[in-house]
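Pasting the structures in now, so scroll down.
Each of the two complexes below includes subunit A, the first together with subunit B, the second together with subunit C.
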Partner chain A sequence: MADKKTTLAVSASLSTAPPNPQPTASPAATLAPTPVQRPPKELKPKDSKPKDPKPARGPKPAKDAKPAKDAKPAKDAKATDSSKLTAKQLKEQKKAEKAARRADTKAATGAPPPQQTGPQRSEKHASSPAHVPASAIVGGGIVKTIYPTNPATVVAKEVEVVVAPARDNGLVGLLRDLAVDQQDKKKAAAVFGIGNAHPDVHPAILTLGMQINQYVLAGSTARCLGFLLAMKRVIHDYTTPPASTLTRHLPGHYLSHQIAYLLAARPMSTAMGNTIRWLKTTISELSPDLSDEAAKEELTAKIDVFIREKIALADDLIVNTTVARYIKDDAVIVTYGKSQIVERALLEARRRGRRFRVVVIDSRPLLEGANLLAGLAQADISCEYACLDALEYCIGPATTVLLGAHAIMADGGVYSRAGTAAVASCARDMGVPVVVVCESVKFSDKINLDGIVFNELGDPELLVTMSDSNKRERGPLSGWRDVENTYVASFRYDVTPSDCIKMIICEHGYLAPKSVSSILRTSAV
Partner chain B sequence: MSTQLVGIHTPGLKWWLKHLENDFDSAHSVDLYIGALKRRVIRNPTPAAVGTAELFLRLISAYRFQSIRQLVDYVSSIETRLSAARPQEMSVRNMARRVVGIIREEAENNGMGDLFQQALQSKPFEKALQHEPASVKNKSQRPILLTQSSFAVGGALTSIFEIISHPPSSITSSASSTPPQTGISRPAQSQSIQHDVRPAIIQDIQELIEELDSSEHNISEYAMQVIHNNEIILTYGLPSTVKKLLFRAAQKRDFTVVVVEGSLNIYRKTHTVVMNKDTPSGEDEDQSEVHKSLQERGIQIIVISNSDVWNFMGRVNKVLLGTEYVFADGGLLAPVGTKNIVRAAKARGTPVVVVTGSHTLCPITTFFEEQWIEMGDPKTLDFQEGYLLENVDVPSPMIDFIPASYVGSFVTNK
Partner chain C sequence: MSDYHHSPVSYFLDTSPKPGIVYSKTMGEFDIRGHYSRLLDEDSTKSMPIAAMESLAALCDASKANTIHELLSSIEIGSNALIDSVPNSISLTAGCAMFTKFISSHTHDDPGDFEAFKKKLQENGHLFAQSAREARFKIAEIGVKMVMDGITIMVHGYSRCAVGILTLAAKRGIKFKVIVTETRPSCQGLKVAKELRDLGVPVAVIDDNAVAYAMKKCKCILIGAESIFTDASIINIMGTHQMALAARKYSRKVYVATETHKFVDIFPLDQFDIPIEQDVINFNPPEGVDGPMPQTELGFVDYTESELIEGFITEVGLLTPNQVADRIVMMRFQ
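What follows is the complex of A and B.
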């Protein structure tokens, strides 16, 4: 680490390593944990390119398809025999490389532009700090360094790429950008998958990530619970690296890899976001005097308490209140899709001997309600099963509409399975009270005004699949990607305005939707 | 009998028109058509309207009548039988009204307007409905069945109707067209009817059929007024009227269409139409035009599921809907699922435009909406899930009733 001070300009791009999850970071983390803990800003100016680890590192990322990594071995080569190629040739070559890369994906992951390093290295060998201010940190911990020498070419290329789909500034453009944000960027970053994962990612997280990605764990609560359980194992297996403390290293560096991996599996749910925030706070509040073992034990215990209080007991409480207050004899309960907690409440009510009727409303493309229906029918609850279209017809005789939620916004809007808004607004128009059951861990401090921008994109292929036959064959829409100007979009959630909701039941009791923010203030998950 | 068998195998309007062409027979064809309506072989407003008009065209040309009154009685009796076959298919009744209107018009043109009025007092009333449904809607709440009884009874009873429904417009029009000629004796007149009126009536009915055929085209004339550049239009399914309108607009405008795939009854068709994979069977498509898709004309199409309507509604400028029938007060019967769309549109303040041919406008209002809602088969469950069926009801309505308050404006071919 001594040669860190004898620095080269090239390394500005290498300093991206610590905060981002690319494989480049791994040797740095294993070989030299100390610099890794520093905030990246501090690192950048004086960080170095240590020559010895590099040849070992070079070939490994080179195997990957990711364009950003192709650049690295080349750079390494250049670092060793810098004077072999003329600067001009080098620059030309890199420029071509970069153009190809940009055409591949608009996602700016591969941004470190090494093409300029050649000339710079020869000219401004000593004046590395001079161009460092030009480097910018981009979201997601990826550092994009823009060198002042040749900005025109970079900009020109970017403009070129953006301009190509000329009409895409409308709704289609927005959707496409969302898809790029949510899916293609992940693919480009290649974080997901066992082969691409950061070496620090714990096997429990790898498994969980796969389960989440494949929708084995789909529900918001289930994912949250899975995360906490995996976290217990992660913490159990964690050892603090030398010259570091658990309270600083664990949340700041180690956990971020795990979380980044889970994020790559699927966009984070509010419940999980809240839980992660809670976990980080809890870790930072641990007394620094505790030994590692004691700290880990305490953390595990706290996680257990969290699971019990925020999830298990909260569910029990909610189920209890719902059954006691809202599922009486001769009630007609309308529900939409499948919510774990609604299902529990209905089954519990039946177990207590209530006779009531459930109307399960369902909708393409997911048709989750069929699942719920099977469970209810087997529990000898009389049911009605209808599509979202027949809503008006079914909701008339209902006494209550009981809905689950994915998250509840700070303004009381309910963020739930797409289609919930239609059910809730219809119920309001028909004068049927809408009750949402939801643990307070799902309360979000954000407000979504719109169902599009912060929403999670579903798989459009689900729409292509036909639902009215057993074969689940692909319908006439198959091949839409090859047809120009055609786009198929599907979102997982939508936002139900708070004025459609009569009440929210959480473990704290009954709430008017508008008072969610006060729970947020007081409970401070 | 052979035709009936054919009808079962290849049902539809095409079959019916072929039957009329080849083996028309007054009594038999009416029975056959009643059966076709009952079996839903011919359903939806446009095919039913065309089928009915064609039937009347042939019936009238085959029917030997002595007086206008006799002819109108005949038409009404047929109409009663047809609409009893399937009262929900109101375009059958609308077509009968139009035919009676045509008869009246021709009678007036031949100087027998007064006679016509004497014969059936309720007909001017209906005629007025044809042309200005809005102005008469308050008086029009009685379905036509009541007025039919008046044909039989005549005299005193019809005069009551005349008092109630005395339409000033029709009086002035009849007065202006020809002066009343009451002095002509009956037998002479009935002879002349045979010669003068029939060709004119038949020609008018042919014009009516042409109007039906071209109604979608005529509606699409309004495209430029409805759709503007850079707009985002949401439609439910892609009914052919809306599709024609979009086609027309695509010639000059640049816009995006959000297509909601629709209920399980129609989503497959929607997908097919969006991908332009529909076979030009000539059912109700103009073959020359369908081959080029909207996408090829530079229109971007986004297909979404019904559940995503609320997500998209905030970004949409206009909702274009097709419909089955429109009542006199502006209420609609539309394919199931439309209600969710208009509700979302209302919540987001998006204007709703209904695109429909004038043959779907019905001069009646309704107070009991459930009577119009027809139930379909439960597409959501398979027989393999039969173990569920004991405990589970699976309602599957085909029609939504939409009150007038949800609709912003109508576009028709008139």
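What follows is the complex of A and C.
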């Protein structure tokens, strides 16, 4: 019930915008105008027809919206779209995949997905079905949940649109850098989809890519583990082509096709990057005298050891350290979102008979915390649930803030789900120690100075849509696509500076955040 | 307390009828606690970790162990017995850990003749304790460079390392002044004041509650530490934390003079997470106590986070808090 209230509060803040999608009124919309007003030149290298994007973005979005209904046709899919995509810095792979799906649906029903409101924005839209919260996907049908709203209502609302004046471009500039950067990373693998995969991509990797792309495998550790398991199968099925050797061909061409495909599915996580680097080094260190069979066996064994040491045992150690020392009786633990390892630690502490209270802080759009809450409540842990806007109130009585991480930077900064920085800095200001639990495979040798570079853009549609359990409604922002110079940015991650963090617990024990570099120095992952 | 040393053999202790006495079949009976207290009583300049190391070295001498394993396990039993029998055991823990590490790093040296090996270990153990004792003189040599003519330094509590630096500076003829807090209730400050005045150093003794008032008149803070933790935070005699906070307010640098054998791999989260039981805040004081809670002879300590500390003066040189944290983490990989 407490959660209900706070959820409503969040929705309320979004819904302060008038029903008419005026960009000025809504916080999210003011975030960033689209790259639209940017000259497409610098972005268009891949453009076959540079003028293409222009007309499409013209100030008559209403028109665009209409044709979307009927013109859904798969023809807008690839050739034309991709040029716009680069220009608009959108996720190409989603579109392609969409196109394929679209073709399917069309063949079957003829009813186009509602999100395809306009050719030039359709790509953004297209990703939304893929971003249905992981829990929803895991729980129910994947593809079925894809088009939750009725196309007619959406379009009807958006007919009248006021063109907003050009606004500050600062954030747009950053956003564009981010999008271009993500585009660059995908380079060769232009579009994601099984149909577009290189013929060498192994079926296990094809499946994994799909799971990652659809957020069935969402967590950083889960993706890393999935990758290693898939690689075992890849290695098992691998045969060295004639006139080549395993130690050269496997880590080179062959592996890079697999990785390019996964990269197209979703930007690489630090853990996976570290794992791939380890794998390549390991393969190239194999003795060239080994027969293929022996080499493959050795490699598989090494992967098993890696999984055991860097993930399974590491998790056990972290959970043990955390529980033994930092979850005490009468503690009030605040956590944010859902982290696998935090959940494990809390459950283990309960199993050892500790009596403590947990406050789960959650945020839209994914509401992962609700999932954690269910697990904890089932284990008879007394819990509270609140949304991010009740943060200060919740952190006051806390004894510890316990957080998971997506990656930890070399300077001790924590890269984690968006909102973590807010929780950590609030806790620091209120004198509550922030403890981050994280396997050392997630330690990055990079440093992110801000939260935008290297961030991942989530689906803006999820922010716009008001979701109340299973019922999904179009929120007041739903028309933002048709408002010029408007962009809804849904960042997936943020960076928490190391001075907001008291301690990091990894499998090597507890560390001050600044000591991450010491661990990086000793353990060459 | 048991959370801090997960020892596979600590259950042996349950059979021990009296704390601080080690019983085992390889060793007979050895009163390590008694030995430790005697060392401290005999020489007041001896610090706890050194006394702990010397006690363990003595235990090795007394041990009738026949194998390396037996020797190591008697050291472990000994240090656990010692740790459990002393109320404030953090710095002692550091000494024991260091000694154990030293011994086990030498176990691969000479597996041939165990008796010769044991003898060598015992000698090395004593040498090791000896060199730890000498660290204080090196610290004085290094730290004295920071004491410049005309400087005023504030001191809290009686730290042998800090006083060592100031004494050496005075002997070198450097003209400096010292503001000393009285450090109630142990009044360690008076001891510092007497020693420095005897050397002709101008000393002003202030009340403990005048620290913030006097802060502007000093150039830097020089303190010791009882232990240094994994993130380079320290515990030291009560009052250090508020002095460091006041120093931060006036941008005065806080320097900690300490030997590296006080580094200990423990990571408390805040004041109340330090592994010491002390009865500071008591809403139901015992009969007859109207003022603050009475302190034991060790005195109350408090925790000062590393952000408030500028640097550490150690026998291996001047270290930043990050370097200290790095050294402590690296001890795990040695």
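Heads up, the rule we're going with is that the second predicted complex is superposed on the first by the 334 of 525 C-alpha atoms of A that agree within 3 Å, B and C clash if a C-alpha of one lies under 4 Å from a C-alpha of the other, contacts with A are read in each partner's own complex, and residues count from 1 in each chain.
One rule holds for everything that comes next: a contact is a pair of C-beta atoms (placed from the backbone, for glycine too) under 8 Å apart; a residue touches a chain by one contact, two chains touch by 3 or more.
Quantities reported herein were computed from a predicted structural model and do not represent experimental measurements.
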Where does A:520 make contact in the superposed view: on subunit B (first), on subunit C (second), on both, or on neither? neither
Answer with first, second, both or neither: which of subunit B and subunit C does A:457 touch in the superposed model? neither
Should A:317 be classified as contacting the first partner (subunit B), the second (subunit C), both, or neither? neither
With the two structures laid over each other on chain A, which partner does A:425 touch: subunit B (first), subunit C (second), both, or neither? first
If you count the residues of subunit A that each partner touches, which comes out higher, subunit B or subunit C? B
Under the stated touch criterion, which partner chain does A:381 make contact with: subunit B (first), subunit C (second), both, or neither? first
Touching A:229 in the superposition: subunit B (first), subunit C (second), both, neither? neither
State whether A:370 touches subunit B only (first), subunit C only (second), both chains, or neither. first
For A:512, is the partner it touches subunit B (first), subunit C (second), both, or none of the two (neither)? second
Overlap of subunit B and subunit C contacts on subunit A, residues none
Can you check the complex and tell me which residues of subunit B touch subunit A? 230, 232, 254, 256, 258, 261-264, 267-268, 271-272, 274-275, 277, 293-296, 298-312, 314-315, 336-337, 339-340, 343-344, 347, 373, 378-382, 384-385, 387-388, 390-397, 400
Subunit A residues within the subunit B interface of the complex: 167, 170-172, 174-175, 362-365, 367, 370, 373-374, 377, 380-394, 417-419, 421-422, 425-426, 429, 450-452, 455, 463-464, 466-470, 475-477, 479-480, 483-491, 494-497
Show which residues of subunit C lie in contact with subunit A when the two form their complex. 3, 6, 230-232, 265, 267, 269-270, 306-307, 322, 325-326, 329-330, 332-333
Which positions of subunit A touch subunit C when the two form their complex? 324-326, 400, 431, 433, 435, 499, 502-503, 508-512, 514-515, 517-519, 522
